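Going in written order, the chains are labelled A, B, C, D and E, and every chain counts its residues from 1.
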Amino acid sequence: MIFLITVLLILLLMVGAAIYAIVQKDLLFAVIASGVISLILSILFLILQAPDVALTEAAIGVALTTIIFIITIRNTVRYEDERNKKKKQKNVKKLAK
Amino acid sequence: MNVIFLILILFLVGAIVTAFAGKWSSLLQDGLFILAVTIPAVLFFTQVEMNQLVGWTRGGIHLELGLTPFSYFFAILVLLLGVASAIYSVGFMHGKARKSYYYFNYLLTIMAMLGILFSRDFISFFVFWEIMTWASYLMVVMNGTRTQEIGIKYFVFSAIGAYAMLMAIVLIHAQTGNFLIQDFIDTYPSLAHGRQILIPILLLVGFSVKAAVMPLHVWAPGSYAYSPMSFTSVFSGALSKMGIYGMVIVFVTLLSHLPEGGLIRDIIAWMGAMTAVIATLWAIAQDDARKLLAYSSVGQLGYIVIAVAIGTPMAMLAGLFMAFMHGLFKGALFMVVGAVEKQTGTTDFTKVTGLIRKMPWTFLTALISIIALAGIPPLGGFIGKWMLYESLILSDHYLLVIVAFFSSTAAFLYAYKFLFGFFLGQEEEEWADVKEAPITMLIPMLALAVGSILLGAFPQLILKPINNGLISLGFSDSYGKLWETSTLFNEWGDKVVLQPIIYAIMGVFLTTLAFTYFRNRKRTRYVSTKDISTSGEIPLAHENLTFKENFFQPFLRAVEPVMKKQIDWYYREFGAGLEAIFNFTRRIYSGNGQTYALYAVIFLIVLLLLNGNLFGQ
Amino acid sequence: MKKYIVLGLLAVLGYYLMSIFLLVDFGLPHFAHGVKDVYLSSSKNILKVSNAVTAIVVNFRGFDTLGEVTVLFLSATAMSGILYKKRHDIGERSILFPASSIIRSGAKMLFPSITLLGIYVFIHGHLSPGGGFQGGTIIATGFLLMLLTYQNYSVSHNRLVWVESVAGMLFVIIGLAGYFMKGSFLENVLPVGELNDLFSGGVIGIIYVLVGFKVAAELIGIIYTILHEKG
Amino acid sequence: MVGSPVLFVAIPLLAAFLIPLMGMIWKEFVRIIPGLVLAYMLVLSVSLIIYIQSHGTIVEVISGWGPPVGINLVFSPFSGALTTLMTFLGLLVWLYSHKFKRNVDYEPAKKYFILLMLMVTGSVGMVLTGDLFNMFVFIEIVSISGYGLTSFFVRRDSAEAAFKFLLMGAFASSFLLIGIMIIYTQLGTLNMAEIAQRMPQMDYHMKVFSLIFILVAIGVEAETFPLNGWAPDVYTQAPGPISAAMSGIVVKAAVYANIRIIYTMYDLQGAYEYLLIIGLITFIVAETAALKQERLKRMLAYSSIGQMGLAMIAFGIGTKEGVYAALFLMFSHAIIKSLLFFSGSYLVYNKTSKYIKHVNGMGKYLPITAFLFTLGAFAIIGLPPFMGFWSKLALLSAAADSNLVILVAVILVVSIVEAVYYLRVVNRIFFFKKRANTKPEKPTINAMIAMLSLAAIVLVIGFYPDLVTGLIERAADDLMDKGRYIGEILSKN
Amino acid sequence: MEKYLDILEIAIYGSAVALILIGLYGALTKKSLIKIVLGLSIMDSGIHLMMIALGYLKGGTAPIFSKGFENSADQMVDPIPQALVLTAIVIGFGVTAVALSLVIRLYRHHDTLRIDEIKNLKW
């Protein structure tokens, strides 16, 4: 029973993280939330008796995917509505003046 | 190798060789070109036997070539015009751009026309038909930017026709299991009724595009007018007759089995009549010789269509005779225009006048051909028209007679305009040093003109092959001589009743000519066409004394309502509307990748929603 | 507006997906006579590989794995093509966070053990959970750690190319060896040994090690490419 | 036995892994090796196709496990014919692009040739494989190399096109996985022959759902109507030879997959009607959208989509004649469209925007290229005596034989639209004045060879279709005979 | 026991479907390219979960014949979906990497990540 509740809870957490990842405007947090999804997913894979997949998901989903997302964000814009980009442009304009 | 096959191959090889020969020597190219036309022509007339079949299988389709008496008649026209116009082309194309291109397409067109006539199965028929279409299309667009729209129009209408035909062909294949024309004709009476009606109609649509019948004629004036004149004489003279060829076959072999055949024939006949009237009216309004002749061609084809659609033996005879005559005189006339264009650089009546002394032989050709066109007795045109009227009256199509008579009369107007425009009227300074066309251009022109005279005197020369052809199609006459049904011919058969009269008229004409020539030899003096001081007034140099501008103004004003909205206009609007719709369909591709993804999901969901009904059980 | 349309569409899609999958009973066998029975029994009895997933990935469906390695190779190639710049305007590596010395020395200490773990994982791929992909990824994360913490840490590009090329070629060559010696591509050409031995399963272990090296090299290449990108 | 189908995959992969090393020795190797590999693949497929004429279908077992267990490759008359076509086109694309853009550096060139070679390999793998999940892997190989090749030119909008392609491709692979999983849970196997054998056991709704997911997924690559938004962009932005390879190789492979799944794996009659309707919509929308295009390659792209729609219509007819026509259409379209892309690329060589108006007057400066483009245009419109005509005729008579008169009429009406837009371009090439800022670029000698060999095929098949009709007919027989396919594969156990 | 399974079934399938739908929603409505790629990867995760869940066997063990746990084969969960997911994860990572590099290049080219502003290619 406790096992069931635990599973339900982490499933809930996972779906919550997914929703958070989609709704969050700050892409960095969104990506980290997606890392959380992968983490929970790998736990779930373990529970579902798939240790190989769990290992892979942990290594690729949690570490590598998250990192390349973060690097991309670093290289482009951090906010979904491109706030800081506009800010940057404003600053550039100010400097130009 | 079979001769028929050899002839086609010779044309093809000739086309390729000629096209490339231009790289080395222009003269060699001209010579090769003439040879490439004449050798197969000679082979055709000496070696080909009737009803000899050559068949082979391509891609699982059995194909057959062979010559029937009926196609023999058309082949005479094609080769006659082809050779004449080829000789003319050498002079005409001299020093013009894209000569190799012209020669290549010219030979290909002739080959395709012969191929159509040889075809005994629908696939080779269609293949040659399409080769003819694109080769002539390439000719139409040859002269620069201006002709592109005309070219597209020509191609679109040809494609409509060809695809209608193709649809008929595949339907035929579905019924008979092969593509042989004879097999289809044999099985036609046993088809389902719907197919029995659908297939001939589709075929007729295909043929009437080439024959420029009314609602499908809009390509013709522009295409005739703007392709090189030397080609137009083949284009209007022979190529359009391929439509007639097909129509006759459909009428005789298919529609005669059909209860509704009469109705279809009448509709086609009326369409032909409308074509004749309206195109004639339009021809009168033209100020450009090429356009005038182009419209006139459409009008003349209208007569022919009337005749073959009526379909009594005599009407058929008349139609085919007129088709041949039309090839001769219209070919000659287009050559005349080409010669004028070559020598003066323009074909506008309002600019060029008074060439009669500069180009006397050209004028002579024009005169004879115009007489033939107008249907004035001594020449061949008259016989055709007479037989047409006679057959219309005999088959109780009185309204059609009136219409045909009206447009025939109206044809006098433009015929006169043509003759007057170029050759008569006052001489202009501008054209003072215009020379006669070169001899290579004159010979074919005159030859065709002589042909018109000859057929006026001896129509049986060509009526006999027509007769044979029609009998082979199924018109059986107990005497084996269909033409005897006309009052023109007496009971002895070959002689025209009017023939003595014709001889008399010609004799009088010639003696008068000779007489005046010899009598006045000393006393005549050439005066300028501006020398009209006898009437008491001395004209100024810039004053325009001829009425070459606004030639038939009152008449045109009278018929204006008829001509105000050309059928062309409707097509253009239709095309514009279609393009607008198509412009909308491409906006489906909005450019936003997310939208595309959304389409995918919507598509998936639609399929899921349809799941039960989608794939059946 | 579009949001609601999409939500509506997704509701329908969700309904159908749920209805499809609820038809498949959870936790119960869905079919009889599937190939999985053959896989499980032959991996134990014929191939002597204790990890059935490894047996499937490397042997039964080894062709998929070859394709998969190719996909990684392709995406590394495609990425470096996509982000290609002429040599003179390659930017400096972007570091995400300036690393403190604690992190740096920690990373230095962790790196060998991470690499060792990765190698352990792919060497024991046929015995225990894990294998080439997992081990390769773990090694790649080790390198990632170093790349992130040390600004001038660099991996020799040529060496990466060597590793990935040789590993990939050996994979194919072993496959071809099976084809020429036994008649079918990727067929086992070595003695299979005993279940649960390190040297069991014939070529399976070797191939998985190669896959591990290749995956590691590809992933490091991918990370390296994207790290050297400056927006 | 002259070789084995598995070499179609093994050798290119070996070469792909080898190329970076060889490139260190001599840079020209990266251009030469793919060509050699593609030539080898062509030789192999030709010799195999001769071999199977006397010995029957080759079922190649991989890793020693007979069909339902292991993965297998099937070289049947059908897949063999497509393989030959693809490898031939692949070789020509390589030949054409050998020195296509002279100023390309070593690194991009290396990537280009590796990706090109693996794209061909992936397509061949899609065609040959007898395993559903393996097909997924090959689709991914093709897609990813497609993304990479599309975004080859850095200065164009190519990344945008590639991203759209990727977005659709990612959706497609997700849906495909769902579809494969549904089948697996129901039947417990991934082998296509065994799936086909067990299909009657499957619950009807599951069958339909899985088919829907798979069709939507493969439809993305096969450019069916609502899923083909990526295609025009990709064709516009990819290098010219890649556009040719896309339309000639990748799409053909996807259509193959589509057809194999519908014809062999499933036993749903309604799926044929689906193909017919979707193909018709694709055809109409694409051809009408092409009419008002302003860019040459985009126009060719829409035309290509339309032609694939036509092929799907032909498959949807469902009779043997229909399959024959469809295969013939695919064959002729692959050849002709490659010719058009090849020659079209040179007509608008120096402009990145590739407007149709840039071809104005090129006939004078690039006579042979212009002539070849015209030839291709005429052939694809379906004018006899070129190759396109025979395939169109086969399609129309197949439709007429099945009493689909309206279908025949619609196809013909839309074909007129097709003729119009092609002729507009042809007219511009020959009869318009050259624009001042367009610079004609002479094709290189190898590009010329590639184009001329395609043109020769167009002409030769046009005059003598028997050269290929036998092959195509055998392929059609092979596709229609589902029982034999299952038997041949499963008996290999 | 039955009830236990039912709840777990609905919960696991439901969360897998939820992940797929959430990912789809993100990919279909969000304007930011990174969000779209994120959505795709979440969708992939959902599908992977789904696949593993479909191969699960109640009370089964991992498909490993380790010493001491040499269960009979029918006590094991289905290894095939696991192998497939293994492949799919790696492929998914490859696609994501390519997508992100495209995103970087698009940003370089257009100076924005809004997908509705990146449509130079249309019609």
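Rule of thumb we're sticking to: contacts are C-beta pairs under 8 Å (C-beta built on N, C-alpha and C of every residue); 3 or more make two chains touch, one makes a residue touch a chain.
Keep in mind that what you see is a predicted model, and the values were worked out from it rather than measured.
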> Common contacts of subunit A and subunit C?
Replying inline: E
> What is the shortest path, in steps, from subunit A to subunit D when you may only step between chains that touch?
Replying inline: 2
>> Under the document's definition of touching, what chains do subunit D and subunit E have as common neighbours?
In response: B, C
> If you average all the Cα positions, which chain's own average lands nearest?
Replying inline: D
> What is the distance in Å between the mean C-alpha positions of subunit B and subunit D?
Replying inline: 44
>> Nearest whole angstrom, what separates the Cα centre of subunit C from the Cα centre of subunit D?
In response: 30
> For subunit B and subunit E, what's the span in angstrom between their mean Cα positions?
Replying inline: 69
> What is the distance in Å between the mean C-alpha positions of subunit B and subunit C?
Replying inline: 74
> Touching two or more other chains, which residues of subunit E qualify?
Replying inline: 8, 12, 14, 18, 20, 24-25, 27-29, 36, 50, 53-54, 56-57, 62-64, 76, 80, 82, 86-87, 89-91, 93-95, 97-98, 100, 102-105, 107, 118-121, 123
> What are the residue numbers in subunit C that touch two or more other chains?
Replying inline: 6, 10, 13, 16-17, 24, 30, 34-36, 39, 51, 53, 61, 64, 68, 71, 74-75, 78-79, 82, 129, 133, 222, 226, 229, 231
> When you check subunit A against every other chain, which residues touch at least two of them?
Replying inline: 50-52, 56, 60, 64, 68, 71-72, 75-76
>> Under the stated touch criterion, can you name all the chain pairs that qualify?
In response: A-C, A-E, B-C, B-D, B-E, C-D, C-E, D-E
> Contact residues on subunit C for subunit A in the complex?
Replying inline: 51, 53-54, 94, 96, 121, 129-131, 133-134, 137-138, 140-141, 144, 148, 219, 222-223, 226-227, 229-231
>> Residue numbers of subunit C touching subunit D in their complex, please.
In response: 16-17, 20, 23-24, 30-36, 38-39, 42, 59-64, 66-68, 70-71, 73-75, 77-82, 84-86, 158, 161-162, 164-166, 168-169, 172-173, 175-176, 178-179, 182-188
> Which residues of subunit D touch subunit C in their complex?
Replying inline: 4, 6, 9-10, 13-14, 16-18, 20-21, 24, 60-65, 68-71, 105, 107-108, 111-112, 114-115, 118, 125, 131, 133-134, 137-138, 140-141, 144-145, 147-148, 151-152, 154, 159, 162, 178, 182, 185-191, 203, 205-206, 209
> Taking the complex as given, what residues does subunit E use to touch subunit A?
Replying inline: 4, 7-8, 11-12, 14-15, 18-19, 22-23, 25-26, 30-32, 34-35, 37-39, 41-42, 45, 48-49, 52-53, 55-57, 60-64, 76-77, 82, 85-86, 89-90, 93, 96-97, 100, 103-104, 107, 111-114
> Hey, which residues of subunit B end up touching subunit C in the complex?
Replying inline: 598, 601-602, 604-605, 608-609, 611
